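Below: one structure, written as structure tokens.
As written, the chain order gives the labels A, B and C, with residue 1 at the start of each chain.
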Amino acid sequence: MRRLSVVTAAVLFALGGLPAFAEAPGTILNASYDVSRELFVAIDKAYAQKYAEDTGKTLEIKQSHAGSSKQARSILEGLEADVVTFNQATDIQVLADKGFVAADWTAKFPNNASPYYSLPVFLVRAGNPKGIKDWNDLVRDDVKLVFPNPKTSGNARYTYLAATAYAREAFGNDEAKVNDFVKKFLANVAVFDTGGRAATTTFVEREIGDVLITFETETTGIRKEFGADKFDTVVPSVSLLADFPVAVVDKVAEKRGSKEIATDYLNFLYSPEGQTILAENGNRVRDKAVAETFATSFKPVRLVTVEDVFGGWPAVNKAYFGSDGLLDQQLAGQ
Amino acid sequence: MSAASHLSRGAPRSGWSRFLLIGLVLLATAFVIGAPVAAVFVQALSQGLGFALQSLADPDTRAAIWLSVIVAVVVVPINTVFGIAAAWAIAKFRFPGRKLLLAIVELPFSVSPIVAGISYLFVYGGQGLFGPFLEAHDLKIMFALPGIILATTFVTAPFVARELLPLMQLQGNGDEEVAATLGAHGWQTFFRVTLPNIRWGLLYGVVLCNARVLGEFGAVSIVSGNIRGETNTLPLHVELLYHDYNAAGAFAAAAVLTLVALVTLFVKTILERVTGSA
Amino acid sequence: MSVGGVGALPRRRPSRTKGKGQGRVVPGFRLSLGLTLLYAALIICLPLATLIVVGARLGPADYWAVVSSPRAVASYRVTLGAAALATLFNTLYGFALAWVLVRHDFPGRRVLDAIVDLPFALPTAVAGVALTAIFAKNGWFGEPLAALGIKVAYTPIGIALAMAFTSLPFIVRTLQPVMEELDGEIEEAARTLGAGNVTIFFRVVLPILVPALLAGVSLAFARCLGEFGAVIFIAGNQPYNTEITALLAFIRIEEYDYPAAAAIATVMLATAFVLLVVTNALQAYARRHELAP
């Protein structure tokens, strides 16, 4: 009997000693995409400081990072994120459809609720030994690519669509040729990781592949982290605009009473200070003054949008990314 | 281990084939098992011991260690009680459906942790069986501690039972029957007669169960929600750091888990010696 | 030792003394069975039943379409192929390892015996990152292998390697006790009758060990099929080439495609269950025959 009570005591002790799992006020959770880890470390620190100065209270901002779609699903399943900072509008739209986010969420913040943007670019090894310049170099037989799985990663969906957009321009919408181009492009992929950051690790630490295709902001981060002399960023002739939308998860924020803080936190991203941190981390921003300051860090590039080329995300998801959609067919044909 | 008594009895007489075989096995083991373990420590210390210790002191890493410990403190006792009950029922009694029960108890052992995680999501997730009920009562299971505990409990369910079953069957019911005839009641029989008989096997099962609880990855990765410093267990944290440009930190966390595994083996070896041939 | 001994299977001698009804003298039947049933129902059966229900909601036609889609079939092929390769390797290596442990004494035998369980005690994710680090192009083994033109990480061989690592103890620990039972007498007898070492091994020793070996093999195979943590780090995760079934189920979950995830998971569950039944039958057979002479 004594043993049983020892066990009981141990369990009770454990439960009693839990770090506040029933969230104390003074914390908010930001569910974000995979490669925004370093960015939000900087943002959260700056915002917490500002918050302390403004209110005299401390605020702890917790982060959860994973593929954008995975995060949306986790929130539907009960992950209590107060705000989402995603890399794809569709993933917020899913939340809006299920009543977690206001239906008019794009109108809640400026620029369709997207404080910054980026684009898929190429990261190559120092000196660009394979002479990669544009998308058509990526279908060469001697080039191996690394980018994550478009099925799970928003990052990779932009990459895949950017390649398709390029092919459409190059082949004048000749579907058969476009399809062949994209198939070769996919066949050159050496490793399909599940998230953007895993792809970075594969390319950088495991030295797999000749080209890593990822957001421009990630390539800036990699060169910062591992040395600018080890890798070169190649910006192709044309790429796809990747808007990074944000929203307050009303259903959670209302329950937790965090709506005001959450809104203020997201507004901070639009402030000159927030925009500067975003730009420092390799994101393109819309604040004119800040964009001007960082003008030399960002090479000019022609950007097309999902709306222009593909008629918007719902159409894209149906045609390309669904079960047995175009992507599945192109992968299967290898 | 009783092996000692058989040693070299049927061994080939010629020396060279014996040395060749032993050599090959040792070499293969060094490559297959030794190298990965060595790699963990080498990588963990690649930026110096100071850096490794510093990354372990990081608040998120500390929270991950703490969370893993909590999960173990809750799950191991649950599975110990269950393991004893299951072994007792299955080893000491015959009843209809006994074999089926045995198969069910062992199922988590061969089923993929991913299947376990998915199944729990379907039960306790927001869109799951109990989702609406849990939400209405503001109970959080998925992406919080209870979900991690449940999924881990499933995956490590059979360990104690598997350890005790053969032992209890081997020992038969004799001692308990004698105790009962002498008038001992149920708990007396268990604590005075059975428990001393099975204690080493039990401890052994507990130690292994604990190792698996601390190391569970697949099932937990589905139900965790990956909140830094809150729902990241240590193995998940290894993956997170690994993808954080922080390979040395990841391997430092991995080294902690590897040390736990080595301690587990050490304890296990000691227990084997204590029990002799049992 | 525990790892390999499957379930209610005494290693040495089944207690055959138990007859029907005899157990009733022993107390605690209701409590222990009640507790076991409650736990089995809540922790094990409820989630798995829910899984089956969610999968069944698809209806037969859609269910079949999901589980027989080209990508799913390719994942079965990758998983089964790698698991078969891993199990084959472990059968040879595990057999030799168990044999050396039981039949020979040498310095470090106890240490070797202890570290056989390391893959079992080591978290699978740690095994995954460690193996990837070693076998990547710039790793200890990856670099020389790459020079020979052999790629391990991010290929099906890498998947097999991770599976082999995590499932090794199951074969060794299932064989070991049976080998211990097999004392030298039969072999001596065969030798006095003029049989050579090779003949003795294949005609006398192996047949006795086969049931236990097969039981260990099927258990290890089952673990290989379900392995996730160790594999995802070292597999290239490329659909159709290096994507295992567990990862496909995981990806379907991430795509919100719950019915498809459930359908694929039920395939894995059914396979695991069948293998478990096979393992137990083999082990029961081995038990009945191991002491035959």
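What we mean here is this: contacts are C-beta pairs under 8 Å (C-beta built on N, C-alpha and C of every residue); 3 or more make two chains touch, one makes a residue touch a chain.
All values derive from a computational prediction rather than experimental measurement.
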Contact graph of the chains (line, ring, star, complete, other): complete
Comparison of A-C and A-B by number of C-beta pairs in contact, larger one: A-B
Centre distance in Å when chain B and chain C are each reduced to the mean of their C-alpha atoms: 16
Inter-centroid spacing, chain C versus chain A (mean Cα positions, whole Å): 38
Separation of mean Cα positions, chain B and chain A [Å, integer]: 36
Multi-chain contact residues (two or more partners), chain C: 247, 250, 253
Set of chain A residues in contact with two or more other chains: 76, 205
For chain B, residues contacting two or more additional chains: 81, 121, 127-128, 242
Parts of chain A lying in touch with chain C, wherever the complex brings them together: 67, 69-70, 73, 76, 94, 149, 151-152, 189-194, 202, 205-208, 323-324, 328, 331-332, 334
Residues of chain B defined as touching chain C within the complex: 1-4, 6-12, 18, 21-22, 24-26, 28-29, 31-37, 39-40, 43, 81-82, 84-86, 88-95, 101-116, 118-123, 127-129, 150, 153-154, 157, 159, 162-163, 165-166, 169-174, 176-177, 180-181, 185-186, 189-190, 204-205, 208, 211-212, 214-218, 221-222, 234-236, 238-239, 242, 250-251, 254, 257-258, 260-262, 264-266, 268-269, 272
Chain C to chain B touching residues, read off their complex: 1-3, 5-15, 17-18, 20-29, 31-33, 35-37, 39-40, 43-48, 50-51, 54, 93, 96-97, 99-106, 108, 110, 112-127, 129-131, 133-134, 139-141, 164-165, 168, 176, 180, 182-184, 187-188, 197, 219, 222-223, 225-229, 246-247, 249-250, 253, 258, 261-262, 265, 268-269, 272-273, 275-277, 279-280
Contact set on chain A toward chain B in their complex: 1, 3, 7, 10-11, 13-15, 17-19, 21, 29, 34, 37-38, 62-66, 74, 76-80, 195, 197-198, 200-201, 205, 221, 225-226, 255
Complex contacts: residues of chain B adjacent to chain A: 63, 66, 70, 73-74, 77, 80-81, 121, 125-128, 131, 134-135, 138, 140-145, 187, 191, 225-230, 240, 242-245, 247
